[in-house]
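Heads up, there are several structures right after this.
Two complexes are shown next, each including chain A; its partner changes from chain B in the first to chain C in the second.
The block that comes next holds the complex of A and B.
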């Protein structure tokens, strides 16, 4: 008999769901900020509003979902035990929420007290997350490619957090000598590539073949992609420390690696056994095209083909964060949440002998209806298009922000409907005697 | 007496259909009966559900995209008997 995780060890649905339901609120907050400040917010990447917006988005929306997913996906898909998920997950969630809000407030008000509070809350929250998830990964029963890749991604988050804490300390205590520009570039590259891209790639090896019924990713990619990203980031860091702004070679290597991953994913999606397309598929395709575009533009920028410091120089970051990361994360939510709802309802049925054989949980497609998910995808795609156009024609940035707000509101609504269906079905199962 | 086998092929079905069908089918297993299911991927999330419902299982990967899952009621010595080695004479 193969080893299994007992249901007592698996976290309750409330653990990931609290992260998932919070993420659209932070996404909406970033949209409101852009709406309020307007085109000046994206004048350059150094404006207070741009920094606040980026962190609301990257920490409050993206990292929020990724942390919640790891708390649940680790035990469910990889068979890794997470210690006291309800307790530690709840504490991580609160610290991440308050820390992100403090950090955004710090950027907007320049109040050192906000930065000092943010550094304590985020270091504690993400530090605790790394200890809990890292311990689980180190004790994994089998050293699969996913476990290996998740370890690398968590290493990427740890380095990102280290640079982030150093930078925030510089805001909180201005007497501290901080090399702000090089450290920011390192923080950004480790955060986007070592954490976000590496984790998304690792998770895609599990979820793309499983939910889109494609062939598996090649073993060599599964084994080495995340490690390769981190090695190239270390190379870039060392070259930047020796001779700022560092070598272009590791950055070109990173771009090629990500283009290869995106190209391979698009190719695998053409070979899927499912004949019917869905919103998840559209999100993956959009995300991979955006990743390729972001990598090509980043290299063009590095080779001096874009005016540094201009609004257009933000295009690779916008394409990466909103086009690639948010697309893929949204698409995954439309599969992971219905899957978890189904799984947890099956657990409830298993607990009630009277329900076994007489009640079946709703099909995954009934948890979040496809037309609603598709409508949200259209809002997301329209917002992304307008945001990119707004980098050239700033007058479009406020309409783009409005569409972002609508897109996050609809994403939140879709997730809430899934949570409500879960509660309703739980009551139906409990009533079965 | 050899175990009675029920066969189920759920390869190519969308998640969570394969696990759904397996969970439905095993409820009908009687003494001395077991389910032999073919599934595209190893169904790791299914195992805790089987344990909770007091079923035992064995899994073997036959091909890269095919796993064979053998499920029976825990404590049923007939259904849980290991298959005899194939006669190669």
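The block that comes next holds the complex of A and C.
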């Protein structure tokens, strides 16, 4: 499904953009759910609403953007072109959208049919994604650290999907005996660390030195971080399966690895050669601080310093998902989308001799204005703060949900503005004769 | 050897870029103009090295004319287009436009450099082998 060595610039804009434009909708849906159900939703991680909103967020918002970005980045990062990206990307997108909706509906209604449908759609959608992107990664002409790391991250997604399918089968067919608690822990840890954190780390050592002009990450980290995360996850899984008391060690190792990664990223960002700051940079900083806090709180929880099952026990997950992963993903969108709009307009102009010389595409800061991105960052930061406070003072959870809704609405608005500008400019270029 | 030399060139251009961008962000129009002139000269020189020496040598050796080097040349054209716009923004004294264009140029250059450093230069090195020193000399002489 891929042809080796191509330095071509990018698949059609519609391929990644459909994923990027859908993500804020799912984010907003998770906010609406929290607003609707209120503090009870986060009574524990097992409430139907908590499970539904976690998946709307992790699959519908985060994984959505990450999949779209991989379709986009594969040719640039590893020199492999995905053939028929419109077809495969389109199918993956539709399946991921419908599968996530069915899964959330399943959690909220407990209808076995919903879970059955979700299993089929998500297994097909993410399975197809793994085949298309995995084939590309296996055919990479040169084995760089980024290729290696992305393979590990895709492996992490595959394992997460496998556990997820097993758990969902348990919901869809009640007669199936499933060890729900340990399996959920495995599904959760592989999803958050093996897929989300591993992929973000791999992407960061490509993009942080590039876009911010910092020194490189140490080669040993680039080479081994993603692999280390997966090995520790396997160790954790085995020790949990045999009820071995030593499962604290791999968890502590994971926390330390992530703290090292985040600390190093923050340090590199203090040594950047560019002095111009932007929303992307603020998002990275916020994300890394949240990752360190999440890891520290997770260790504290493990050492019995937090009441298990309490609302506060959700703090590491909230910090990880909304504070770390969503921050980095949002920051990346503010770089990727304006650049892609510029790039594709540039190509359109190149194809039309009459437009060449008379039209210049709007630059990145004209595609999404920096003050608008900055305002959205403030909404995001305020929503995160209020959500964390809401874990202590539940009365704040509904206001927090409202702020999240506003933050996702503004993110969506900023992205849609970019897409509409693209359309308008395309029409202007086509009108040149 | 070619990889190291050309990657060093990229970092040299980055340094010039950062200087011009910093000056512009501090509203220092004169500083931005002089730093930009230096950066532009460095970048154009680098593009010339590739287009006049390195790519033709690679194409002659491998017979690959329409492949990777064609895409690289097209991206060079896109860079030159942005340079022209940046120059006009500076002449007109519009530092905001200049900064937006600079941001765009940086992303374009960085993703371009990554493809060169990770793929094209290693391929070139394999294809040209023992001629590397002579090629670097010819590029320096430009």
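Operating definition for what follows: the second predicted complex is superposed on the first by the 413 of 433 C-alpha atoms of A that agree within 3 Å, B and C clash if a C-alpha of one lies under 4 Å from a C-alpha of the other, contacts with A are read in each partner's own complex, and residues count from 1 in each chain.
In this section, a contact is a pair of C-beta atoms (placed from the backbone, for glycine too) under 8 Å apart; a residue touches a chain by one contact, two chains touch by 3 or more.
Treat the numbers as computed from the prediction; the structure is a model and nothing was measured.
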Tell me which partner A:351 touches in the superposition: chain B (first), chain C (second), both or neither. first
Should A:213 be classified as contacting the first partner (chain B), the second (chain C), both, or neither? both
State whether A:305 touches chain B only (first), chain C only (second), both chains, or neither. neither
In the overlay, answer first, second, both or neither for which of chain B and chain C A:242 touches. neither
After the superposition on A, what does A:142 contact: first (chain B), second (chain C), both or neither? second
Where on chain A do chain B and chain C both make contact? 5-7, 76-77, 79, 210-211, 213, 273-274, 335, 339, 342-343, 346, 350, 360, 363-364
Inside the complex, what are the residues of chain C that reach chain A? 14-15, 18, 21-22, 25, 67-68, 71-72, 74-75, 78, 81, 85, 96-97, 99-101, 103-104, 106-108, 110-111, 113-115, 118-120, 122
Which residues, counting only chain A, touch chain C once they are in their complex? 5-9, 76-77, 79, 141-142, 144, 206, 210-211, 213, 273-276, 278, 335, 338-339, 342-343, 346, 350, 360, 363-366
In their shared complex, chain A is touched by residues of chain B numbered 12, 14-17, 19-20, 23-24, 27, 40-41, 44-45, 47-53, 56-59, 64-65
Touching residues of chain A toward chain B in the complex: what are they? 1-7, 10, 76-79, 209-211, 213, 215-216, 273-274, 335, 339, 342-343, 346-347, 350-351, 356-357, 360-361, 363-364
